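You will see chain A twice below: alongside chain B first, and alongside chain C after that.
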Partner chain A sequence: MRGNALAAYRRRAARALADATLRGNLRRATDTALAKRAARLAEIPDYDDWREKVAAIRRAGWEDRAALVARASAHLAAAGARVHHAADAAAARRIVAEIAADAGARLVVKGKSMLTEEIELTPHLEALGLEVLETDLGEFIVQLRGEMPSHITAPALHLNRRQVSRLFADRLGAAETEDPEELTLAARRHLRDKFLAADVGISGGNFVVAETGTLVTLENEGNIGLSTTLPRVHVALTGIEKCLPRLADLDPVLRLLPPNGTGQQAVSYVSLLNGPAPPGCGPEALHVVFVDNGRSALAASGQREILACLRCGACLNVCPVFRNAGGHSYGAVYPGPMGILLAPYLLGDATAGLNPGNSLADVCSLCEACGEVCPAAIPLPDLILGARAEKERRAPASRRLAWRLFGRLAASPRLFRAAGAMMRMSLRVLPAFLLARLTPSWSRARALPAPPPRSFRAELRRRHPGRLS
Partner chain B sequence: MNRELAARLRERFAATDTEWRHLEDAAALDAWLAEVGWPMPDAAGTPRSAACAAGDAAWTVADGLVAETGTLLISGRRPHARRLVFLAETHVALAAEETIFDTLADFLAAPAREASGNATTNGGGATSADARAAGHTDAAAAWRARVGHQLTLVTGPSRTADIEKTLVLGAHGPRRLLAATAPAALLRARFGADAIPEAGP
Partner chain C sequence: MRVRLFVPCYVEHLKPAAGLAAARVLDSLGLDWTCPDGQGCCGQPAFNAGHPDEALPAARRFRRLFDAAEAVVAPSASCVAMVRRYHHLGGLAASEREALADLGARTFELCEFVVDRLGVTDLGARWPGRVAFQDCCHALRELGLFDAPRRLLAAVDGLEVVDQPDLDCCGFGGVYAVKLPEVSAAQADLRLDALAAAGTDTLVATDVSCLLHLEGRARRRGLPFRGLHVAEILAPDPAAARPAPGAQTSEATP
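Up next, the complex of A and B:
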């Protein structure tokens, strides 16, 4: 364990909450995302039926992952793709580094992929002397700033156009402008030659169809398309839980992911790759890397159902904690409700100082909005409560003892009444400064309420004599 | 094309910033090809890729079209097509009226068409026999025979909203997407029998 994750969250969140620009950016972006999502969902008849279908497809994806990955791998290999299996982040990084070395690569272009963020692929390849460029506009922006993405589908959600303009002026020598179109064009010009010069293109894989061995990527910008058609070698990384059993499963999944992710009926480009391109028509080699990296451990935990996650980001946009304190406060590339559950297993001690005993489950306000918006019908609130219980089970002995004592006290009416009386008296007699010291997290922004004259039970008995025995 | 389908397509293509036209006869097709500068109106098959690497426009023939979403289906039957989809400033695509599918599910479930020799040798897809010998299921073999090494679903031009959720067209790929539909017979007469897929919904 690398320090207390919750304490670190609170330090970062306090800074974020004091940053008026950040909070304005977050509020505007998440409001826009939610409004677009609502408009698209209203256009889908029988939405709940589709949601059930998607939930079943994704459940099969992680429950039958061994068989599905094997089937997908066999088809891909038969079509001439090279298939790799990585048990953890280090293995995945090594596999990609070897592919790049074999290709004699110097320049690597990347499409947006949360899995590559998860395994910290870019810093690893850079340390080996490769130039690695993020090509998704949002990822390109955060890479230039030396930050991690603050949102899984909108990496630069925390920034406004003025901040991007200053960044591009400083780093690309672009003219300052507040026109998003001009800013996008500046990035396009900068990256176009890189696509043409790159030796290796790296992408994620939103899904892999097991029935046909088809790698599926979704995007709007065309950067994944360019990254996977122009370089000599294409490497795709995907999680072992991401298989769709049948080709027909694409329809329901593609129906719900774009509306929930970006508020679109359909994204601009969905690529279905069955294998490497014919000679001269695209990359000469296609490598597909299936990554476990904690997914099997997660599948054995009480939070296993989060493996159905589509990575749409709707639970981030709707979460009041995310909307106020932002993604960077989590200190992990998987933020928000889904991140609370994924990060302790997929990012782990090494990268984020997180584990099931040191998770951010307490950051949740239990409003349950995430469970309502999830297109895969994942019971996120239940899973987060489970993660809290898990954390307490792994807590230090002193904390577990304290909870046991409280349990004893709460289970005994006599002890509970006595403790209540003592608390009410303490609130009356202790000086304010001392009370504030004893309740720091409450008193920082609020005054303690005045103590009631009597307990709830006593008050009830007084108003309605005979109601309580 | 019946009026109801035309209205649906018009609505969908407008919503996705696709400039769409339906061409009923040879005169309309010729006028449109001239208007968009189609590179080889008399030749069959693959559009010239060399013109596109440096150029401003790429021309493709789609395998089909999904009406529900206004999505063009560009397959590996024409091996260079996938690059063309992303490279140019403007992407111009033609689709046969007979290959308009209601939903993506309808396209995916459509019966497999026997791959023509041209598609299997140039398209990079394994032949059914090869695929079976390699242990493929019929579903996988049929899918590869239909689309070759890839299928790209194109819905509107390239776009981004990464800066303040403001929509900008032409992020890395084409800024404009022009799509035209026409009767298959018209397209076959113009581009050769092999250019247009035979099976529709």
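Up next, the complex of A and C:
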């Protein structure tokens, strides 16, 4: 994403908005997600109390991250896991590549992990000659299509069954069908042999419990279980902000994450790994990689509270911008409100040119729905405004000057009156084509307002002069 | 009670009818109200565009104009939300901060003033016809405004309200409307679809800014549309001849 991030977004969004199939898919999928979420929340009467607990736990997760990571690492190492720390994406990729090389690996199977997308792990391993296979159904689908995921919990949300069926028919030789069970079976048939033949299994880590050194993975499909128990080596990657202080913290988190993420009461499988498997019972080695990759920089910024993110995706589902233009428009693996805040710090490498001064903080109509739904009570709207201010601090002087002048105008009665009068006169007097030329961003899609004959003040003076003061 | 009318900038210059209707509502309550001279813009565009410091002059001006009021009332949830944020702006002295926090607590959107502050839900209004009511985001989420406008509209004689809650943002978003016009227009279209489904061309809302955006989009698409501020239903202009419902013109602009 070289050049202006907003301009690139607008180009992609314009294409997405013209794609009726995509828009239908987005609407149906997000409407369903929101309906399920509402139904689940109705079953949790003390939801707000649980949300407060989750917010406090997640705040500790990023505030005390150094101490929590150290504790978790010590426990994991004592249990026999190999613990690594990667400062950035390149270091993380190198660590995983070395582990794979040491294992003489040829085939790698992966569970869904947004972190591995963030650090662009798969292309790196493939360039080294490894075959890397996504085993989460949604990730498997987008991998076949050569796309990045368009949503953080539902990677193929932008597609419908017919599109998936056609894809499987083309690439897997499967019979065309719109039955979701049959589509899933087609993927399973393809993947089953791969699980058995894989040398290395890679997973993320939804959370790591510091108190016990427990790696927590959450899934509905069983693919993480298979990926991380059948191959000889299991590598788990997790962000340094993912630590939960205590095992008991899983209770509030697991109460709120599934309803907000997938509209479930609970995910199908919650795996708690306290160390490597006993000999003969699973992989020969467990590696855990704690990755920073911009999280410390984010923690030092005004948007640090986004580090509490649970990666549920609720803010994407409720965001009107996401619901209309979809995840791919952002050009980043973290889209939507949380993506606006994470991407400039975590994806700077991956999406060249993206940084706090060139971010998508403007891709938001400030409706504040995201802040309402976040289960960790992250003040997303305020953080987006903060990110916008941070971006604008690096804006060209001309733009800062323009807003300085606006600020003066807004507070100067004479200038304000004059500007208003000029605007009304222009709307009255100038020909339509010229007005449209002068206000392209408004007039491309909307008519300009018809000017009233007089300002409010003038009207009040005529009708109720006694009310003026 | 010393009540001061705070006029949003776009009401001042583009939709004075909404301000006059708000004035009539205050009249009907028998309040001693005035409209201070020298008002400007609340500064929200700068704040929302990432230049919060440039809202400071507006904040200070607002305080000078309105500090003497016991209550400040505005026909705009969005502007009131901004006023309530003034005390968080950087660069204020502690005494300014305190004064602005206090003033923000005395500044109300019109419906919340009438219902929550004065305890009045029936203004004795009459407006026969069907309208749709849609929430504006800042009203809903910054001011927590949901019941007040609905209760006031429910008491209007002859009025049939098609309540349309749970809709996505209309896409105005202030500066957003011109920074991301394509997505903004797509969002507007969804609200207009909902309006059509309500079987009326008349949309009532608490914020004229959203209505101007939707009206502009509707006119460009040649759709019938009449956007009314809540006050225009609660205190219709006695002098105006009201067009029959559905008779609103919809000139497509070239």
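Definition applied: the second predicted complex is superposed on the first by the 453 of 469 C-alpha atoms of A that agree within 3 Å, B and C clash if a C-alpha of one lies under 4 Å from a C-alpha of the other, contacts with A are read in each partner's own complex, and residues count from 1 in each chain.
Everything below uses one rule, namely that a contact is a pair of C-beta atoms (placed from the backbone, for glycine too) under 8 Å apart; a residue touches a chain by one contact, two chains touch by 3 or more.
Because the structure is predicted, anything quoted here is derived from the model rather than measured.
*Asks:* Under the superposition described at the top, does placing chain B and chain C together on chain A give a clash or a fit?
*Replies:* Because the two structures are overlaid on the shared chain, the partners are seen to fit without clashing.
*Asks:* Would you please give the vertex angle at the Cα centre of chain A, with arms pointing to the Cα centres of chain B and chain C, as a multiple of 10°?
*Replies:* 120
*Asks:* Touching A:379, do we find chain B (first), chain C (second), both, or neither?
*Replies:* After superposing on A, A:379 lies clear of both chain B and chain C.
*Asks:* Using the touch definition from the top, say if A:444 reaches chain B (first), chain C (second), both or neither.
*Replies:* second
*Asks:* Based on the superposed arrangement, let me know which partner A:357 touches: chain B (first), chain C (second), both, or neither?
*Replies:* After superposing on A, A:357 lies clear of both chain B and chain C.
*Asks:* Output check: A:302 vs chain B and chain C. Expected answer is one of first, second, both, neither. What do you get?
*Replies:* Neither partner.
*Asks:* Could you grab the smallest C-alpha gap between chain B and chain C in the overlay, to the nearest Å?
*Replies:* Taking the overlay as described at the top, chain B lies 21 Å from chain C at its nearest C-alpha.
*Asks:* Would you tell me the residues on chain A in contact with chain B in one complex that are also in contact with chain C in the other?
*Replies:* Comparing the two interfaces on chain A, one with chain B and one with chain C, no residues are shared.
*Asks:* Could you list, by residue number, the parts of chain C that touch chain A in their complex?
*Replies:* Contacts found on chain C: 4-5, 7, 9, 11-17, 19-20, 23, 33-43, 45-58, 60-61, 137-138, 141-142, 168-169, 171-188, 190, 212-213, 215-217, 219-220, 251, 253-254.
*Asks:* Can you list the residues on chain B that touch chain A in the complex?
*Replies:* For chain B paired with chain A, touching residues are 15-16, 69-71, 76, 79-80, 82-83, 85-87, 103-105, 108-109, 122-126, 131, 134-137, 139-140, 143-144, 147-166, 168, 170-174.
*Asks:* For chain A, which residues count as touching chain C in their complex?
*Replies:* 6, 9-10, 13-14, 17, 320-321, 323-325, 361-369, 371-372, 385, 388-392, 395, 400, 403-404, 406-413, 416, 420, 423-424, 432-433, 441-442, 444-449, 451-452, 454-457, 459-460, 463-464, 467-469
*Asks:* In the complex, go through chain A and note every residue touching chain B.
*Replies:* 25, 28-29, 32-33, 74-75, 78-79, 135-138, 141, 154-156, 159-161, 164, 180-181, 183-185, 188, 191-192, 195, 211-214, 220-223, 225-226, 229-230, 246-248, 250-251, 254, 262, 265-278, 280-282
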